[in-house]
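You will see subunit A twice below: alongside subunit B first, and alongside subunit C after that.
Entry: the complex of A and B
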């Protein structure tokens, strides 16, 4: 029989191990960044990329990189890499948080129907040129997608409120609102007058990151950063809620309040990402699962681990999407599932083996 | 802490679940709530912990109305052990018991939090389960973990909802002995909803017999567990003897003919 101090030491050791895992995952992310920035259309490889980046951050080194290399790295590859990291991190954190508060492993960040709603908003702008509001013309599709995502969220809360907000009512209302918007989206696609517009809608729905610019990144980054930080701050509440609403209440946690706060944060982050990128599925569903298998269910560790894994997965996927057909882009939404599924099964099977020991 | 309940009533929409319940419980006392299915045992526990808001009446702890306390404050006073507790995601036993420290934790887990958890695990004899997942344990082990989680709150009042319903006889005795022992050593006040009249009789100082949400009888096990009371509330003929354990033991014989007494189910 182990003594109390031994049990305590064992747990403390586990905590340290988990912190280390997150650190390792972060190092893996850095390696993927280095690989990603060194590959792609155009001449710059690792050395050239390093020169460009060093000259930017340390002008006193007086490195003088090629002008074309500079353009390729700074205006094409880097913003796209940064967007992949932000989007992957935001989708994964939202997925992990929503699975936690809704106590359901099948939940994705789109659970409130916002992927269909964003798609409908985007299609409305692309096909019919109908825009609710847009700060300037370049952002018509983005603004529409975001506005309709928010509309979907409000509809879900409105419907769920009628029967009292619980995980079940939120999920059901979300699925229904999702169906409503996907029907409307199909309708627009059906009546689309020209082939080009239809093609643009389909392409948007597949998700892509090649439209990344620093300007767009600067809009998404603060939203995702703040939302992620606030979701991580609720880790303890989410932990306690996984034991059920009654236990959570008896531990002083207001489940309904935490549920609405966390789902709103996750939906905001997700909507702001997919409004720019189109629908990038799978990352938000699978990153939390892989993270859970590696690091366990304690959300204090699970959320940071999901965030880093999500960034890794999306950056890997997008790097492949850039490389597979050099010159023509493969939508990243296709690649995420293609490489994510085997990755997921690898972890699932390797964990099984551990359980059998 | 001293617990007083005055005129407590609760409805689930139009169905009356509790009606004019009054009770008093002192420090170091164990009270069992017994009664047929649907008689309001669990509802009463939930009203005390404000998981449900009573429609009427007050719950006073040391003279303070719990309706005026924040859930965070109440969670340091009352520990609640629900009927079944599973989690969707795999948490280890240590993590689950650590959740009982939630009322005291902001973000980081202090050394003393971990120490309290480790001590409780040792006290309940489940140290060796610390790194196992809750969902892969037997019901008896799970029940001990959930009791441990409630104890980690360092409560003054412990509420248990049918703590022995899924357990084998050894685990039943173990869990109840632990609760009884704690009541004395830590000066807790304990209320548990029970189905097993004999276990309730053996481990309680007081018993409360509920029928259709109202108190039918309250007092010592000897005064509550009579053949007349059991027939009137459960609709079952029984034989009550005083056992070797110095507490009345009930042997149910047969249900009385339907129609004579309306049964709940």
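Entry: the complex of A and C
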């Protein structure tokens, strides 16, 4: 057997192994979903949940679940499980993509300062009732958070353009815009005339999933789905870009274009998620790192793996968040870091793979 | 050239530091005024506050405390207020020293030369120390839910507070009159709900200013209901929606907190709860027992009105002869001498 075909065979074997890892991660996610749907402050457990879901999808079985169980499972538990999966997946994919194109392990989906901008937008609506544009009064906070996130992104591109768009200018401009908006956010918090509004803002900033509804999920899902698909499509370009801008150019990849496209997609997905959930920060930073340790830095596999891991991690966190006190909720943003950090260290210490090069 | 720039920068830095140091040194608390009779009152944080009585110049940084001072006939002694103190309307003429007690302007505040500053607990400890450092005593109190687990009723607690204010302002008789009035309604409620068994009391879901956000407060029990959040580990828990639905509350009460609102706001808020996904099968929603109220009726002078609203919503058959709206009006007429306008509870 010639060396070339030997190499090809090894490569194909590696690819198969990586695909298997993603499949395993997906199975783990399914298991977590089953556990999550069976647990909560309400009484329905696995059997009741199964009854409710079966009765909904197969009405001819004539299973007749209790009305309260039905409401608890269909109106509260399932939508928030779905939201946790969408949000986890979207944040993780954005994180992995941005870390890739900016070639920086500290980058999170909030690199363009959008967490502070979204917080500022939300606070404007909560505290002062100032709303830029909202199609429907129930979504004033959401619309404001989203609009200001987009504004932050445009500001970053505007500033970065002045010196030419490179990873460095984008990161620096993002940090600055972030500081600008967090100052404005503090200003609103400081002048807030009502203590309750202040608490509501702080609460929003901690991030929560218990306000999930099918309606919100239907708005977020298409955005995250399309953004994630487009990011995965660019994974080969991101691989090439990790070799450096000159090499990328010589291989026919327009670094600037890919960078702007990928960051825009990531920011769009992240902004649409956090506008509904508040700031859930840790997932987008840590999921790509864990995925990188498990599967390596080929973005064609790294991205899907991050997506599944992000969904697992956020769903796990949210399940815990609603179990700790049973009757009351813990903001999920707190739990994500509390369980994500030990998880991260476990992988850091148990893997020998070269992480960043 | 370069050396000159360096020297210049150093000189400027030194000057700035010197100016700051000088400003700090000059800011030394002034001498205290000549001795008057001094009394010691303990505030809600357990701090013993020494006050020279009677107080002549007072700044109030809380709306409920401002109302108490005015009801005691001492509105003329108020020299400054916060932005939330807007009742009685004549108080609007007083100087504003900050939007709320959270961020008063200390220069304006001290320039008014007060004998005493009263505030709610949003005043930060640092701010308190700075005001006290300038020789002005600070008394902190609240009439809302500072310690939601306290078994002392809000009216009992506020009664004690009103007596302290009576002492400070030299209006002890007036204070007794107000406290007696307030306690008479508390006794009325206690008398009527005392024979209710646990199974007769309604389950109450008490929602604060955000969906699912609740409070463990014993006030619900004092008005004859059972608070579904009473056993939660945190004082202001965010209840799990699943938990609320499964508890199936008989009554839902929700407070409105914004300073300005009209009937439409009450209606909108009630509609939101009646139509909130998942609540449709809850008793309170099915029977339309969802009530919105202005938080001011649960503070200060107006506590009897708030108590009666709740008591009547929880056990309507026991309070058929009572009209909380009327009693609220009567109370305002009695102690402020003005006609009450506006909506405070809905429906």
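In this section, the second predicted complex is superposed on the first by the 349 of 357 C-alpha atoms of A that agree within 3 Å, B and C clash if a C-alpha of one lies under 4 Å from a C-alpha of the other, contacts with A are read in each partner's own complex, and residues count from 1 in each chain.
Convention: a contact is a pair of C-beta atoms (placed from the backbone, for glycine too) under 8 Å apart; a residue touches a chain by one contact, two chains touch by 3 or more.
The structure displayed is predicted, hence computed values, not measured ones.
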| item | value |
| --- | --- |
| First, second, both or neither for A:40, with subunit B first and subunit C second | second |
| Touched partner set for A:239, first subunit B, second subunit C, both or neither | first |
| Touching partner for A:75 - first (subunit B), second (subunit C), both, neither | second |
| Touching partner for A:226 - first (subunit B), second (subunit C), both, neither | neither |
| Which superposed partner A:203 touches (first subunit B, second subunit C, both, neither) | second |
| Partner chain in contact with A:252 - subunit B first, subunit C second, else both or neither | first |
| Sites on subunit B touched by subunit A in the complex | 46, 49-51, 70-76, 78-80, 82, 85, 87-92, 94-96, 99-100, 102-103, 105, 107, 109, 114-115, 117-119, 121-122, 125, 127-128, 130-131, 149, 153 |
| Of all residues in subunit A, those that touch subunit B in their complex | 1-8, 10-12, 14-15, 99-100, 103-105, 233, 235-236, 239-240, 242-244, 246-247, 249-254, 292, 296-298, 300 |
| Interfacial residue positions of subunit A with respect to subunit C in the complex | 40-43, 67-68, 71-72, 75-77, 138, 190-198, 200, 203, 208, 210-211, 213, 322, 325-329, 331 |
| Interfacial residue positions of subunit C with respect to subunit A in the complex | 83-84, 99-100, 102-103, 122, 208-214, 229, 231-234, 237-243, 245-246, 248, 257-259, 272, 277-278, 280-281 |
